[in-house]
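What follows is a set of structures for review.
Note that chain A is present in both complexes that follow, paired respectively with chain B and with chain C.
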Partner chain A sequence: MKPTALPWIAAASLLLAVVILRAESRPRYGGTLRVEMSAALSTLDPAEIPSDPVALEAKARLVPAVFETLVRLDESGRPQPWLATSWTHDVARKRWVFTARPHVRLHDGMIWTPAAGSLEVGDDRPIEQILREMARPWSAIVVHEADGTLIGTGPFRVARWEAGKAATLVANEGHWKGRPYLDSIEIQMGRYLRDQTQDQQLGRADVTDAPVGTTDGASDETRTEQTLALIFDTPRSAPAMREAVALSIDKVAIRRVLLKGHGDISGALLPQWMSGYAFLFDGKRDVARARQLATGSAPLTFAYDRQDAVLRSIGERISVNAMEAGIIMRPGNGVADVRLVMIPVTSRDELAALADIAVVLKAPFSFSAAPYEAERTLLDGFHAVTLFHLARNWSLAPRVRSWPDLPNVWIGQP
Partner chain B sequence: MSSAGPHFVIISAVTGRILGFVFATLLVRGDALDDAVSQWGKKIVSHLATDEIAHVTWNGAVTENAESAAYAARAKTLLARALQRRPRNPKAVEIRVTLSRNLKGYLLIAEMHRENENIVEMTSFARPIPIPETATGFRLDRRLLWEQEVPILDVIVMGDQMLVLDTAGIVRYEQRDSNWQKAEAVVMDTPPVRDPRGRLTVNENSLTAEAAGVTCRGTWKLSIAIDCQPGGRFTAGRNTIEESRWQPYFTRAEIGGDHVVGASDGRTYVYDAAHKQLSVSDAWSDLAVVPNSCAGPKIIAANSSTNSLAIFDLLNHSPVRVSDSMEVPGPATAIWPTGSAALVVVRNKDTNRYEAYSVAVDCGR
Partner chain C sequence: MTFRTKLLLLSSITVAGAVALVTGAVSIAARQGFERADGQRRSDLLAQLRRELDTRGREVVSQVERAAASAGVQRIAAGSAEFDQAQRESAAQDLSFLDVVQPDLTILSSAHWPARFGYKNDWEIAAEDWHSAGAAVGTAFFARIPVPDGPSVVALVAVRPTADSKALVAGGRLVDPAFLKSLGDAPGMRALLWLPPGEVVDAQGGNPDITKLAGLVNEARDKTAEATGSVQWTSSRSSSEAFLAFPLPHRGQIAGVLLAGTSLAAQFALENEILWIGVVAAVSGIVIGILLGWWTTERVTRPVTQLARGARAVASGDWSARVEVISKDEIGELATAFNRMTEQLAEQRDRAIQAERVAAWRELARRLAHELKNPLFPLQITIENLRKARKRSESEFEEVFQESTGTLLAEVGNLKAIIGRFSDFAKMPPPDFEAVDLNEIVQSVMRLYEAQLKDEGRSKIDAELDLAEGGLRIQADGEQLRRAIGNLVLNAIDAMPNGGVLRIASSREDGHVHLSVSDTGTGLTEEECARLFTPYYTTKQHGTGLGLAIVQSVVSDHGGKISVVSSPGNGATFMIELPVLPGESV
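Coming up: the complex of A and B.
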């Protein structure tokens, strides 16, 4: 690991530790939360799902604060009523009828009333599948105003939006669950990690991205996870070569040395605690087999985030491992043959999470498959090679409480 | 691996309780497990030729606790039954089976390796909601009054009548045949608030219900009749109490001439009678002062970071814990003084239901 990563990790660990050790008290209303992030979002329109994993993770977190869905998933990934209070078959049993929650106001103050007071969905697939699709943030209720602005029903409304740069979300005083604790959230987007770290240390930011692998996160019920993986984007790499790269990587050494023992080694897209079947995807190293598969292969261009010292070190180590198997992976600019990316696990439901991963992989996806089958299909052909499951880390100012649950975040005593 | 049911050996009272719970759980979930294994067994058999029999190896790595070990034992028996066949000159096919867990419940996974192909068949069944252990041996004595899904704000029990104030309104229950039966419900149109609070006050036949931004007054005997008006003790949308000479607070109680204030900044302050600040602490999320026949009034306070209650006293105007902590099954969402005890509402983290307890100070005599 490069020495530059150590102060960041130390600072992040300290801040996280402070937050975890504090005794909680009754939440307090008011205050502005200052958030900085690497992601640069062009729009908050739920209909546009970013394929860039960094933007996808940020958008999946921000959209539910502004736009709401008919149902939501609870901590165990089970659908619960949200803007819809109930659902039932119509008389002919050909459609599902969702009853709209009463007294829900849009951000412009108008009552949200779907036509006929309910919403209907064709009964062409199992209700579990319908609910799972509805719970995705991309299925949120959005009203398009004549001037092009988008309004929702969420606990925050957008007061300012500078595409890719900054945004201000302010409390929706009339939210049906009560106004959020915060008065507003100031967001700066597209910030370099080193600038975020500096702003955090100078007290100019409350929440910033933290380098990967600095903690192991919380319990299964509250943790958010991401999957470090290689994605092969261009057709220059044959399946045998992709498999050779997968077999060449010394995950044990990377975890022990570069990740300081954090994270879980895996060959699966979803972590074991979430799916229960991750152990079926074997990701063991076999350099001899990798050499056989890689015979005569052309060099690959390889892209990874050089700002993050940990990711950079892992990228460099993967290149060295690949070289041992006879594969040349050169750092590339622009469109590379293979990318080292952190794929977010955006949902606690296996299929919903895999659907978003499919967007990142630019792969087709069907909600009708069982989770294991869907995941196996995404991993077939080695277009994605999973390495580790890691906790999603932020650096938090000591005064921040209940992050990352935005509607319930509040500012406490530092 | 132990087998379930009557083959359990009771080693100690604790083990017995755990195993009893597991056995009860298995009874409750037996049908779901039986159905899941039956269907799963058929899927596995479909991969076997007529002259093949399954040779099953169980991977015990995931059966790390009594519950999962009991499920594995039951599933083992059921699977053996489902895979039973007697062909002539049978050929054994190796099948590796794992009982795994995920967020939603348990998975039973069978792996077969055949002609360069890995065949995986799995089935799932839901995890039961754990039954919280009953706490004993504390100096705090708690008694469950009521539980429900809708957030409880306050509860008053008067003989065979019980009034429950929740986020939807007031419900009156009557005790019949040792059970509380719903007698009537009155809806209160209260402004929504993220951290709801409310208080019921009953005096003879008169009733006052206070929630954030609204106060309802009326009568309750025979049937509830109330008239609600905006305003009142709890600030709309913010839930605090605003009183002259005090900063907005969540709760305030007097003990030994000092005022203990749970302030809106999340801290607990102690003031003297002249409003001079004497101490400040971060330890509590809510509190109530209750009288005590043996040792004077005491503070019952909740610590949400540990989901526990404890008794406190003021020593030199600073809170000092004078009892062991009593664990509760989730964060306390309300604590109100009620006569000689405190009403404590807890959101049970396992069931997601709200539970109202009467908590009293036990002098230990």
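Coming up: the complex of A and C.
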């Protein structure tokens, strides 16, 4: 071979590599995504908001794939037109009229046409509050068929639904924004974490839940947040005792050793990067004060996910910390006095996210309050003790692309 | 108790005693033998337990040493390992517990409680045990270890340093039923470990009553030596266990007490079996002994019984009674003698009866002759006077005739009276029972003879009545009793020609009424007393000899008895005893 040919060969190879890389980075249509999750959903009806945080997180992710709202929030939390193209109010500012997007088809192929081509909402609140609430997935447009099935306008339609067990979502070919990349999504619900891990390793699942704190590094724009917190459910614990538990927890050691430095220590429900005021919620440890508050306290039953090794370790560590303050927290199942849970941050909008957290906490909530006030109200009385903000993690098969943005997920080369 | 019963009882007791003695001796010997064998077995098991415990201790030390030398523990000591690395190391060394701690005992990693990193190790390990961790040879000891799910558990632990001595490794094996079972797993045997302040770990996983073992444990602890004892867990004897306790000293203190328990159920079952066999043998022996004794007694006592029956027959008047002579031994000779004796007695009785009959006839003839002779003489004289008077004038003859016929009629009447008395005695009628008062009868008799007692023509006789108060109601023939008592009163009057005291007393005693008639007359000789009730025997000049015979006959017909007490010069007392009801007692 002549030496003069080498540059040409190198250039050709480089060009080929660029072509291949470009081809791989370009979404492809087709394929079935196999998803396994711990949550077990009984229904996909947006009107039913689950209080179980695991189910809430899963439902908040699946509902937008099937049912769409009139408006959506962009990455900055600003409302953007979605099924409604515009909105205006009447003279008295008592009613808002949303103009329906034309040529939107329901999953049964029929055109979605609200009466008079618009929707009216009687609400005298500021439009920002109304739009925030309407952007929640629980405000999605749902059509109830005569046979009881629910249909929407989303990029996927429900082809099979076995409550709590499995579901199959198939691509909505007539979606007004165009067909999604995936042909279908096979969902298995109520799967134990170890089974998910096993299926992932054997190539039987593409997306599974991952233990807490195993990945990190997502940018603020793309990462999904969740809050690790203690929730006191039963009235057996007095406020002083709940505060004592909160003061006894050595969050620094937990983050350093058990979370291996992942996550952010916080006393707030929403992360600092999202609310900007999280630092105002003090979460520092004070064992001496905790001992004082815990004097004469009765033992508590403590529930946490023992399948998740990290959560189990955190739960045990919290028990050890509480014991140091004189509080006995015994592991228990079923209805426990206190639970260690991952509360999903379901929205980039503070109030919408806090509204869903209020559902988990079974606490009242109002969109008319300022986010800080709303969060302060939720945290008063120490019914919820926030520990860390952690990224929501999944284990993904190498061929999965663009997860967790479901309409845009596609299957690439493994 | 009959002779046969005595003999049967004696033979049965002898047999039963012998059988019981043999059975008891065999049972005791067997039980002692089993106890010796069981004791030897327990000693062997205990020795095995000790060896196994030493072996487990050495194993723990070795396991902890291997863990301390492992790369994982080195990484923990260097701070470059996962917080739960100790879990993997303890699993690799098959240890229940493994804590890697800094010299100040801060936990770097804990196998059984990973969440306790950063806290101080709080196992109950003496300071000298931590300090001696650097010694060349480590020893295992018992310690309490706090666990997440409870207060604490007990483990056999050892402490060793890491290779670079930057950290200490404390590891151990949980003392649980499986651990104790590994020390010795013989059937019917179990190992228990008592640990202060009062926990007992049972190889069978049970929850034994500590209080029942406290005495044994305390004895072993106080003496620092082996102690033995037994515990009965329930009311059933088969729940008993024999325990051998030996203390486990550690650094001058008793770290625990190992108890080797062996069930006594099998031993008791065997003893029970032997006991039952003995009981069955004893009962069988006794039954057989009784049967044999009965058979033997029957054979031995049959001739004696026959002799007794014959004697009773003879006593009851059956002079023909004979016994069968069925052997030629002493009993046979006795039977032969008995038969001979009864034959002789019968002959003698017949002769006596014959003689008495002859004597009676003679006495009757004499009496009749005597009684009839008295009236006959006046008859003869009167008839002769009447003949002589025939020769006299009519008027004289008429006078004599009237006088003579009067005399003749009187004497004939006298003869008829004599004949009547004999006739009455001969045909004494059976009593006609009715309710009567004996005292009233006595008083009526005394009224009858009152005039005779007060007769001026004879010496004075004082009558004294000492009758029972309230009357003496009996079932009797009043007329016959009245006649009998009258005869006694008449006899008493006749016995006191020179006067005296007639005393009649009545009383009730032992279901009978008693009546005594006493006089202070001349009295009777012993021979007269013996023959007094014989018919036609009399001590009086003009008596028929039938009065007392009639009295005896009446008393006898009423089911009573009559007797006389007398001596010459001291009067006589006739005593009558009558039942209240004929043939019954009160």
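Going forward, the second predicted complex is superposed on the first by the 385 of 414 C-alpha atoms of A that agree within 3 Å, B and C clash if a C-alpha of one lies under 4 Å from a C-alpha of the other, contacts with A are read in each partner's own complex, and residues count from 1 in each chain.
In this section, a residue touches a chain if its C-beta (ideal position, glycine included) is under 8 Å from a C-beta of that chain, and two chains touch if they have at least 3 such contacts.
Source: prediction; values computed, not measured.
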Identify whether chain B and chain C fit side by side or clash on chain A in the overlaid structures.
-> fit
Examine A:W403 and indicate which partner it touches, taking first as chain B and second as chain C; both and neither are also allowed.
-> neither
Which holds for A:F367: it touches chain B only (first), chain C only (second), both, or neither?
-> neither
Now for A:E316: first (chain B), second (chain C), both, or neither, which partner does it touch?
-> second
Touched chain A residues, chain B compared with chain C = B
Min C-alpha distance chain B to chain C after superposition on A, in Å, is 31
Sort out for me which residues of chain B touch chain A in the complex.
-> 98, 100-104, 106-107, 109, 111, 120, 122, 124, 191-196, 237-239, 250, 262, 264-268, 282-286, 303-306, 331, 352
Can you list the chain A residues touching chain C in their complex?
-> 250, 253, 257-258, 313, 316-320, 324, 330-331
In their shared complex, chain A is touched by residues of chain C numbered 83-84, 113-119, 148-149
Under the touch definition given earlier, write down the residues of chain A that touch chain B in their complex.
-> 22-29, 74-78, 173, 175-181, 220, 272-277, 279-280, 348, 350, 370, 372, 407-408, 412-413
